[in-house]
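Dropping a structure here in structure tokens format, bear with me for questions.
So that you can tell them apart, the chains are marked A, B, C and D in the order they are listed, and the count of residues begins at 1 in each.
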Amino acid sequence: MSAVLSVEGLRVQFDHPLGAVHAVDDVSFTLDANERLGLAGESGSGKSTMALAILRMIRPPGRITGGRVTLDGTELSALDHEAMRRLRLAGIAMVPQGSMNSLNPVMRIRDQLADAFRDHGVALSAPELHARVAELLRTVGLRPDVADLYPHELSGGMKQRACIAIAICLRPKVIIADEPTSALDVVVQRQVMETLARVQRDLGCAIILVGHDMGLMAQFVDRLGVMYAGRLVEVAPIAEIITTPRHPYTQALISSLPSLAARGTMQGIPGLAPLLRDLPSGCAFHPRCPRAEDRCRSEKPAVRTLAPSHQAACHFA
Amino acid sequence: MRGLIRYFRRNLSLLVGSSLLLLLVVFVVTGHFVVDVEDARALSVRPLQPPSWRYPFGTDRQGRDLLAVMVAGTPLTLRIGFIAGILGVAIGTVLAFAAAYYRGWADTIIRGIADIGLTVPGLLVLIIIAVGIRGGLSVNQMALVVASLAWLNPTRTIRAQVLSLRERGYVEIARMSGMSGPAIIFFELMPNLLPYLAATLVNAVSSAILASIGLEVLGLGPIDAPTLGMTLYWVNFNAAMINGWWWWWLAPTVIIVLVFLGLFFVTVGLDEYANPRLRKSA
Amino acid sequence: MRMIDIVRRCGVFAVIVLLAASLNFFLPKLSGQDPVRTKLLQQAALGGYVHQGIDDMVKLYEKRFGLDRPLWEQYFNYLGDVARLDFNYSIANYPRTVAEMITEAIPWTIGLLSMTTLLSFVIGTLLGALLAWPRAPRWMAWLMPPLWALHAIPFFLLGLILMYLLAFQVPLLPIFGGYSVGVQPALSLAFVLDVVRHATLPALSIILVSIGGWALGMRGMMVTTMGEDYVVFAEGKGLRSLTIFLRYCLRNAILPQITALALALGQILSGAVLVEVIFGYPGIGTLLFQAIRENDHFLIQGIVFTVIVALGLATLILDLVYPLLDPRITYQRS
Amino acid sequence: MAQDSKTATHPMPSRRALLKASVLAGTAIALPWQAPEGGAHAQPAAPPRNRTMILSWSGREGRWVDFELWNPYSIGANHQNGPNLIYEPLAYYSAFADKTYMWLAESYKFAPDFKQLTIKTRPGITWSDGAPFSAEDVAFTLNSLRDLGPKVRWGVDVHQAVEKATATDANTVVVDFKIPSPRFFFFMTYKYDIGVYIVPKHIFAGQDFTTFKHFDIAKGWPVTTGPWQVTQATPQQKVFDRRAKWWAAERGLAPLPAVERNIWLPFAGEQQTAQLLITNQLDAGTGMQPATFPTLFRQNPKIITHAGQKSPYGYMDWWPISLYLNNEVKPFDRKEVRWALSNYIDRDQLIDVAYLGACTPSKLPMPQYPPLQPYFDSVKDLLAKHDTNGFDPKKGDALLSGAGFKKDSGGFWADAAGKRVNVDIIGFGGSGPAMGPVLVEMFKRRGIESSLGLPPDFDDRFQKGQYTGSIYGHGGSINEPYATLRLYQGSSIAVPGGHQVNFARWKNAAYDKLVDEMFAVAPDNTRKLVEIFRAAMEIWLPELPDIQLVQNYHRIPMNTTYWKNWPTAENPYVNGAHWHLTFPMVLWNLQPA
């Protein structure tokens, strides 16, 4: 399988009067067509920033300071503003975080879909639009008349489905779903994830799922990347990473789960997540790492390939 | 101190505002050494002299040295503003806390009064009050007249702030740990509100000065006092503009503009401090 | 919105009007002045000969105006009159009625102030929105300091400065009145242009000062709105900048501005007393000022009442229209 | 499950439509404000500018509020704002020319005991609606005023004097008096602000004088005998057009005025008026400060005043200005205090600063007009002894010391109990703000505590005696001293009813008697009047009820660009005030330039 999306050495920096912050620090990975990749990490680990960086949506004072993102052979950083805009949604779509507040509160769902068509040059007559919208809504499991409602008239799950409907409306190659279920209750979470999985299959697109719910990840993704302090510290197929995590941080994450089958969130990793502004020297994880040695304090571990599909950034991996 | 300087560099509005106000203070203080403020009274100097070395701001038709008038009048105008502003915010704060913290009927009554009070056009009420007071107005009376309405707005806005603050976690914790209402207000809410209160105060001072100058220009102020607004009243009464006595209105105009600009930028700066979300993050 | 809600809003409006009317009735009483007597003495003094038996005359008129009856009776009479929009005679300009005088003045004030308020709202709001929009031209950033500076200047002072510059130094614009000397009011283009020319100076001083306020408020709202998830998502949808700007940011950020606009429109009757007085504009402001100076009890009451009703009406209309602007608001009993 | 938490409610597709509709409705409401307001009736074509006379006067804050009131007796009306132009009197009197012009009346005759007056009116006069003017109109006016009494202007004066007025034939009115009234015809004569307006009986009969507006342009109202017809009246302007025919012109009493249209604008402020004068949009204005005149002359050399282009830029009004002290308030009840304060005032400096020198001091509370000169002359020696214009601080100090006052530690005069002498001065209009600050400063510098206020309810306070000091004038004598002396009467027996014009609240029984005695003396009996006047001044001068300050000047800028032959010092046919009842005389004298 060939990579539909590849990210090489991506860096995002936030300028701050008290010093620059590297929110994404030299991250590389690839995504195959039809693949589901998970990106996990504590909040502040840079996973959401990276999602935005792929879409070139970092706002000042943040900026992308290095790296290449290639979609289907097109290098995104080379695109001009307008081409990049057109690529969003059509090439890479996002399903927003939380989504309680991701829909414009003063527009009907239909209009928010119509916006997307129109601004991507898809000219639709009113009946065509009606049909397309109804179809899309049905795809995500919503009744067509939802199109005439305002976001506040929808429940959380319905809103998120509406967001998914928007995300797939131009049949993108990649969907980036940033914690798509974070504000939903458990049952709804499952329904939404199933919807997401279905549309991914139907569309045949790749998906990047960003989140911190390891249980959810385990059920959904093919491959999992773990981020810590702006770096991708370990990537491996999901089964492999759960059975044999190589990075101490991943190990801590995995072991903190009550059981693999049961869902649960990361808990119980000793110490606090580091401030990106004030990162420890060497390996950023060393203050919390049970295996830390002097080398860890001084030397930043490089990403090493441990197995054909398994990379990790740890001196001891 | 260096932290302060650094903060100022980030919060330009606050820097500009305080510099302008400082400039006025310097002007008034040095003015008191340079010029005899008694010359702010009529019949003191030769009338209608354009600016010269002797009278840098010129003199008016009734023989006041305009430099002396500005030196004496600027603090008077500021005094009206500060008395009214401080009274307004003080009353407003007490009422707002009472209303927002205890809710219930106290809230209903206080909010009701403030809301209705705000619908009545302010200047109109002030004019009626100013007309109603018999005998010449003194500067302090003037301040009280203006203060009579200056508490309405602070009451409303501070109440809203307190309402949002009291929902925060630390207030909840304080309440659960058995702290009394007043103690929570003083030790928990107050410190967090201080920057906001400061901004409200500066705002109130600014509105009070605006109202007082408005009344004075209409001839309803302290006729005897050389305040900035009264100076404008005399400018208007004597048709100084059409008669080409430009210096007569130039000085008070510039100073009033400086006062308002200074206060305005300080408010903006304090707002930025109190509400960092407004900082230019976008 | 259901009927019951409309009825309820109207009820609130009625209560505000009643409260305002009552306040309006009692407040001037507190000043303890004797308007009829003052006016009669003024009249008498004009002739040099002062009427004898002036006290009889005062009594006569107090009786005619009902000032000799007990307070509660006066109050109920007053409420009855107000309900019929009868604000009695003007004491100072008897037998002209207060309603007549207000009717004359109101079109001028509404004309001047609604135009200036709307203009400054539109310009200021757009400017504020653009100032917060990262894709706006760079030079726009330089607009803000002068706008802020103007915003901080009292508008009557700006009026004086403009008068000096545009009327005395360069005699471009008329400095007083609603239209030119000797002109016949008529519905002709020439007359309308003349009215506009006369309104230019007062309008300019109001607009220049208020634009800054609107811009400032809008900029703040825009900054907040642009951080909202739906704007981020809109960008993720690959929408055009203009679409995001207009339909996502501006459309939402403008809602609080609309609330403020309604209040500002409600206050137009009382907002510009000073500007009107300085420019001798024949509106409600000058009428009010003159009524206060003459202690014209009934005229003051009439104007204040009108002003408060205007404000209440603005709030009522806002309440009724707002759900159309913001679909989240539905009046359901909470 | 989440799915059906809410069912789709009925959509509101009409929202946008509603929005649009409301915007449209709003625009529709906002637009028609420019529609003209009342008074836009069919008008004769506008005459050329040099046949049009535009003046600015009165009004308040730039608008006429009484534009509908053309019945001069209605309560809110004021003859100064237009009715003076159209209602004609029985006779005019010009104080400057000291000349009476018989007008609607041809002659009059008093009975020897002054208890009856017979007036002959001119035959052949018509009202503007064509109805003939007759003695009936005069009798109707007088009898109505008598019955109305205090309800209308002049009613009290007529009510006190007149028993009844009878039209014995079409041109004869016999007026029977209750008391001897030797000044009654002069009272009816137009001069300054005093004179009885004669109204048409056929219109006013059955109307309530107090509320009747007498305004309906379509009907040709107001109906008057004068040459002017009101053709437009709005808050912005009052327009009077010349009628084609005027009885006085046909009679040769006066020429048909060259002015074809009068436009009266409300006064909108000094700077505004000055600008209009400079740009020739205005032919006459008022309310100008002395300091503005040099600017006016510089920018428009065609502007003149009664005194040409020289100080004091006007003529002396009948209204000399005093510093009133409330004689009922301690310590101003003591003549020593009043005289001391008078001696602290440097009138030259006062005039210099307050009026830039364009004024003159006033010795007695009446104007120094030629007919009054004999009375001034008769008290020359008394004035030398009691110099009402004297500036002598030492004398003032001595008077206060002599009366038991001492300077306290702060350097201010105080009484034995330590209470400071405190003059809180109130003022109004032009004179208050002009002289007030100067007087306050002069007093303070002499150790008298003083302050100034310009209360909006000045009249109320002043007339109720709620003041200690007040800057105000005297509307009294013009050609003989009775009216002025009457201003100081504590009470009057000759004229029934309490007399209340005594603003200074000074009382002296002997003085009152002298004034009552003068009441019955015919106004042309100068010798007797001089005798009583001197006796009264012998009481008045040592007491000095109020402190004499300055003469009042009417500083009226008159524009000669379009009109000449304005009344001036060289050609003083009448005083030029366009608000006075004699202004029609100016209008028929004006010639196009």
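Convention: a residue touches a chain if its C-beta (ideal position, glycine included) is under 8 Å from a C-beta of that chain, and two chains touch if they have at least 3 such contacts.
Being a predicted model, the structure only gives us computed values, none of them experimental.
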Inset, instruction - Can you figure out the chain closest to the middle, judged by Cα centres? - result: C
Legend entry - Chain pair with the greatest number of C-beta contact pairs: C-D
Legend entry - Chain centre separation (chain B, chain D; CA means) in Å: 43
Legend entry - Distance between chain centroids, defined by C-alpha means - chain C, chain D (Å): 36
Inset, instruction - Could you tell me the distance, in whole angstrom, between the mean C-alpha positions of chain A and chain B? - result: 52
Legend entry - chain A: positions in contact with at least two other chains: 59-60
Legend entry - Interface hub residues of chain D, defined as touching at least two other chains: 271, 275, 456-457
Inset, instruction - Give the residues of chain B that touch two or more other chains, as numbers and ranges in rising order. - result: 131, 236, 241-242, 281-282
Inset, instruction - Please give the residue numbers of chain C that touch chain A in the complex, ascending. - result: 134, 228-230, 232-241, 243, 247-248, 251-252, 255, 325-328
Inset, instruction - Could you pull out which chain C residues touch chain B in their complex? - result: 16, 19-20, 23, 27-28, 30-33, 132, 134, 148-149, 151-154, 156-157, 160-161, 163-164, 168, 220, 223-224, 226-227, 267, 269-271, 273-274, 277-278, 288-289, 292-293, 295, 300, 304, 307-308, 311-312
Inset, instruction - Could you please specify the touching residues of chain C with respect to chain D in the complex? - result: 33-34, 37-38, 41-54, 56-57, 60, 90, 92-96, 100-101, 104-105, 107-108, 110-111, 114-115, 163, 167-168, 171, 175-179, 181-182, 184-187, 191-192, 195, 276-277, 280-282, 286-287, 289-290, 292-295, 321, 324-325, 327
Inset, instruction - Write out the stretch or stretches of chain B touching chain D in their complex. - result: 41-43, 47, 61-63, 131, 134-137, 219-220, 223-224, 234, 236-239, 241-244
Legend entry - chain C-facing residues of chain D, complex: 12, 15, 18-19, 22, 30, 33-40, 43, 46, 52, 54, 60-63, 65-66, 68-69, 74-76, 78, 80, 149-151, 153-157, 160, 192-194, 210-213, 232, 234-237, 263, 265, 268-269, 271-272, 275-276, 279, 281-282, 318, 456-457, 459-460, 463, 475-476, 483, 495-501
